[in-house]
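Below is one structure. I have some questions about it.
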């Protein structure tokens, strides 16, 4: 019997999912036993744990790593290259792993993991407030201009009601949503120069600035924003589909919660970043690797997706799962709130990870400059230029 | 006339204290209230402390079933008890030597103790982690307990206390034929209970609530301590399950409050006698 | 044969010489009181004998053996402390049993639970219990055996401390102001008890006190230590009546001895008031000397016609006697007399009086403090002169 | 006119009556010593007078006004505490200045920095400084003014405490065992100083002590309090020679008064040894009474041929006198005599002696303790009888 | 000679008794600290096996590090708020409790409760209390017509918000120490003060309580400063140093560098500076104040 130790982050979110998947997996694979290591509270802490444990006896066999951190982990040569396994299998597409989906967990062409739970940014809105402000909830705004205008009206309702909550804090994901949605990119093709301060970037950050100025976007911490929204005090919330299940639970019957596509600045070429995580194999033991590969495919496969999606709000990362009535087809029919994310799937591209050792710091630099815009302590141009300069200095010199 | 003034002062004092107590208790009031609310009820625009639909059972059930509370609490007790015992066993003889024996290194020890007070575990966590890994003792009670086996605070506190023990008592014990170790065990410790109680509160509170170190050295859930259990109710990306989180927090906080209530009289007495105040 | 003998003990703390060569012998069954002002080194000496401190030099011989390098626990010396130093967490009975248990039981036998299972310890414990009971009975504290020190009065604690020290039949008994924490009445009562106990046990005892009446009333011999030096070691009577040093004379006696400065001529004759004293040692020239007279030997006459005259400043009524403070007209010095209440009734503040000193009661001291042997050779009787 | 008068002061703590109606008057310049055993309520009474505690009932009149409801700070009463209660963070000079500063400067003027800028305070401060200096000079502590209490000896602290109390010319002066923390010699010396100081200041003083010789020697009148009741308030002489209650007699006198039980016949006659006493009050039947004789009035005869015979148990040498403990053959009770050293030389332990009591010196008390006035009517002289 | 032997025996026993403590002290405090100092001179990064010595490069970088300077400043501000306020509050509460005869146990427990609580969990409660729109604090302020600030969200107020939590958390600890200090003041001194004319509560406080609490206050101040400088949990759970570094504090910055950016060498250098600051602070404090508060 092979025993696999599995480590995962955010147990509040993933515990039930992991328990269900591993139970089913062990039923199907009697020779393999799954045990769980102590989970980590966040993706960041998960990575720290893995980094510390890399190469030690404590290192788990399998872990789940945020998509934007794969590059950093790979630089430290921690994940096992899955290329050979894929080659050996030969029929990944048949199992629902399209090329597009495999790409989400590739770094410089190396397959470091399999995307497990993926998300994209969507628009949540409070239909009651929209209605009150004169909007039509059945026909939600399609462009940022419309969002900002309606947000302003909602804010004007008073009583502590805010127009928009945009989750700009923590990391650069939602900025990416604006930037990619405008058709922009973070760095240039060969990753030597900053590219987000181009015209697309300017449009993106101006949208943020206008949300603050006209759309009723207050300065809130991430948690405060979520709480205000579920309390019915915010008109629009822009954040990951991953939060959908929890949002539904938190809202309960307090108001009419709806979801819709996130507006794109460039409706033609606009893309959206992919959030979520990938299952990564760490064990260097060949026998365990075999078992781990089985588990990775199982977790990232259609069954896994059919567990993850309803439980969280993530979008399926497996094409079989989404389409097959065996898995999720019926679910989407019955739960229209989940559809926005699903429909945006074609626009998903990898969440960009910066090269070099300062990768994480770069995202912090961007977030800090965003906060200056939100606090209106800098003009969008200043903030964008500062961010560009700072990021530039943090990129590897070569 | 005096009687009147006194009662007025008392009313004022009592009112002030009660108001302050209310403010200090406010977070707990919200905690208890939240622990009884359904998830959809927790965040709403109207403030109400009393849950509309009582979900205590539900939240507490979740808190108890989602994680193995008994294991967590048991680990907490084991780890805190081990840490406390070892700390006392190590600190008491040392403090005794510093306070009551001709010990030339006492001054040097004092400097070490002061230094030790300043170094947070956050600073030394990494070297310790590496060392523990090399020794293959991660994921064990040893790893959880060892770094705290030496409590400079304990040495400091006992030192203050022992200085106040009359020399004559030690002398009498020597004349009665006790060895120095015998004196520590038979005379000093039995009379140091107030100090030991005071120290127990500090030590247990600190280590029962410690999240940082267990997170570093424990990956095996069999050794998880209570704060690690709280992680299961947190989902940074998507908002926490507050009702269950609060219920779980209540469960792991209650034993401490009970312990404090039991020990609190001796606690203040102990601090008074340790001269910790100065 | 002397059981305890100290030879030339010296000790300094950080450069301060506290004991400057103290020698002392105590015979079997002897009770020696060690008195001296606060800070003169009494406790230090006791602690050195007990082995709680170590002398810088000198020898300590107990029962014939030199024990300077023997640990306190292994000298068979018992000590009673001023604070009693009872173990607060043990009952009186347990307190008394400690020195026995420590000596008779092995380390293993003393362990809390395991100890009870070891062979032999039952028997020894029972034995100890019996001895504790006996000791307690002889000190009349049997009813206290189950109480802790905190539940006892000062006097009771003092007795328990005594019992703890006595129970193991030490070869030397040390007491450091064992009565000073008791109130006056209890103190007087306890004196008798300790003397009685000592008489029964017959163990040589070194008893430190700074209460002179304790020293005088209890001891066989009194050692007066001042500034780290033993100035005199003699019987109470001798110490009081025939002090070898002015400091000894000053230290003992309540109220204090009157000391006045005067001069001795080259022939060794001293004249003071109506007295003429002849000193033994004859100096080559006139030298200043001190004359000491105890207050009870100063007579005040209401007629104020003596050679020495004084004016009464105030009187202190003490019940059975009265202390009269007067100031000598001639030299302006204060002089104190102790008189009976009847006599005192005639003396009021401000009144001029004549001062007489009882013949043979004046003592002569060199200015350095040493006693000068002297004899009264003449008392000029003023009254006679006045008549004549 | 009496400056301080207390009428029927009562006080209980949690149901325990501590003061059971104490009344007392102090005249201008009078020094009253309040003595009594520990716990009898002396400190409580003082604290009530000072306003630190509040009586349950009764009146306190100072200088003609009832002040029960006046706060301590506003009564012009000064107090010296046993612990001296000096402010450890202030120098002696600052300590002495406190009561003046508190009274003369406003709250604002006393503030650390701002105060210095306020008008008028310079002048007042200078004034206070002058007064402090004067006070210090008169107590000879000028050289200590810059030291903190921690750097002073017990005696010096005590004087600073006195200075702090005196400096503001209080209308009543309270002292709670101000000398009990001093060593014997210092204590005797300080007594004189306090009396002198009191004489100069002329402020009525209530002085608590449990040292009887302090009380007797210092006070104009002595108040003996036992169990919350004032048993007697009289001059030292009267208190000692003519106690109104057996407890008063027992409390004063060192060694304690001899008290023996005997019987009074229906005619009011009491026979004890060679004495026959006639009591004033005549009871209807034979009643037990107590007879008290101070040790100095007990005469021991070596011939052992008196009516009362005793055997000497032990003698206590005290220098100028000797305490002889004997046991009466007839009733087995102990009797204590105080004799001179010369006389004592003839008395050794174990010796049988005859006991005589000085006529007119025996006192009679009812078993409840009250004094029974009595007169010696007859002394059977054994010697005469023997001769005759 | 025998004297020396006896003294040496006592010294040996002292060493024996202290040996476990000394050994553990070296093992778990000194050696790791030394390791941190050594790491401060390397470019060690978590996850990379090897590292090289870079001399003072890390320290040179620190000088120019805006974040580090910011976090130094923020820590100083936080400490400057939390330490005095929590001491004054604690003293006031301790005095009130000491004077109050009823419900002492209750009050003592209530005020001590925050010390005994898991800060990470309580932080989430505070986050809700501080919520700018639906939080009770601002709702309460609104009752009085005050527009509550955006406590943890705005860079202008975030430090104050965190300070309030810090004060709430540390008052109980200080209070207990003050309670102990108060019980040790001789009652006679208050009596003397009253008789000396200290009429008001304030006079007695200035004349007796405050000076007599000197040693306690010094100790409490020391502990408070150490604890405030070590603020971490609230920042980590509530603000992550934001917005725009407005709540970056030393330990958080060190954590961020070491564990998130994984630059252990650099973080170690920061730690060394952090420890040096603490040591200097404590040294100065004891040098300047110790003599002032001990009167004996």
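Order as written gives the chain letters A, B, C, D and E; numbering starts at 1 within each chain.
Here is the rule we go by: a contact is a pair of C-beta atoms (placed from the backbone, for glycine too) under 8 Å apart; a residue touches a chain by one contact, two chains touch by 3 or more.
By chain, with names taken from UniProt: B = Carbohydrate ABC transporter permease; C, D = ABC transporter ATP-binding protein; E = Sugar ABC transporter permease.
If you're wondering where the values come from, they're calculated on a predicted model, not measured in any experiment.
Undergrad: Stepping chain to touching chain, what's the minimum from chain A to chain C?
TA: When the steps are counted carefully, the minimum from chain A to chain C is 2.
Undergrad: Among the chains, which one keeps its Cα centre farthest from the Cα centre of chain D?
TA: A
Undergrad: Which two chains meet at the most C-beta pairs?
TA: Looking across every pairing, the one with the most contacts is B-E.
Undergrad: Using mean CA coordinates as chain centres, what's the gap between chain B and chain E in Å?
TA: Computed from C-alpha means, the inter-chain centre distance equals 16 Å.
Undergrad: Between chain D and chain E, what is the gap in Å from one C-alpha centre to the other?
TA: 55
Undergrad: Any idea how many Å lie between the Cα centroids of chain A and chain D?
TA: 90
Undergrad: Could you pull out the residues of chain E that touch at least 2 other chains?
TA: Residues 7, 124, 128, 133-134, 214 of chain E touch two or more partner chains.
Undergrad: Could you tell me which residues belong to chain A and also touch two or more other chains?
TA: As it turns out, chain A has residues touching two or more other chains at 52, 160, 223, 227-228, 231, 233.
Undergrad: Can you list the residues of chain C that touch 2 or more other chains?
TA: Expected reply: 71.
Undergrad: Applying the document's contact rule, which stretches of chain E touch chain A when the two form their complex?
TA: Per the stated touch rule, the residues are 45-49, 124, 127-128, 131-134, 150, 152-155, 238-240, 242-245, 259-263.
Undergrad: Which bits of chain B are touching chain C when the two form their complex?
TA: 166, 168-169, 171-179, 182, 186-187, 190-191
Undergrad: Within the complex, which stretch of chain E touches chain B?
TA: Going through chain E, the ones touching chain B are 7, 10-11, 13-15, 17-18, 20-22, 24-25, 27-33, 35-36, 39, 93, 96-97, 99-100, 102-103, 105-122, 124-126, 128-129, 133-134, 136, 139, 168, 171-172, 176-181, 183-184, 213-216, 218-220, 226, 230, 232-233, 251, 254-255, 258, 264, 271, 274-275, 278-279, 282, 293-294.
Undergrad: Once bound in the complex, which stretches of chain E touch chain D?
TA: Checking each residue of chain E against chain D gives 186, 188-189, 191-200, 202-203, 206-208, 211-212, 214, 295-296.
Undergrad: What part of chain C is in contact with chain D in the complex they form?
TA: It is residues 37-38, 183-185, 188, 191-192, 195, 210-213, 216-218, 236-237, 240-241, 252-256, 294-296, 314, 316-320, 323, 325, 338, 341 of chain C that touch chain D.
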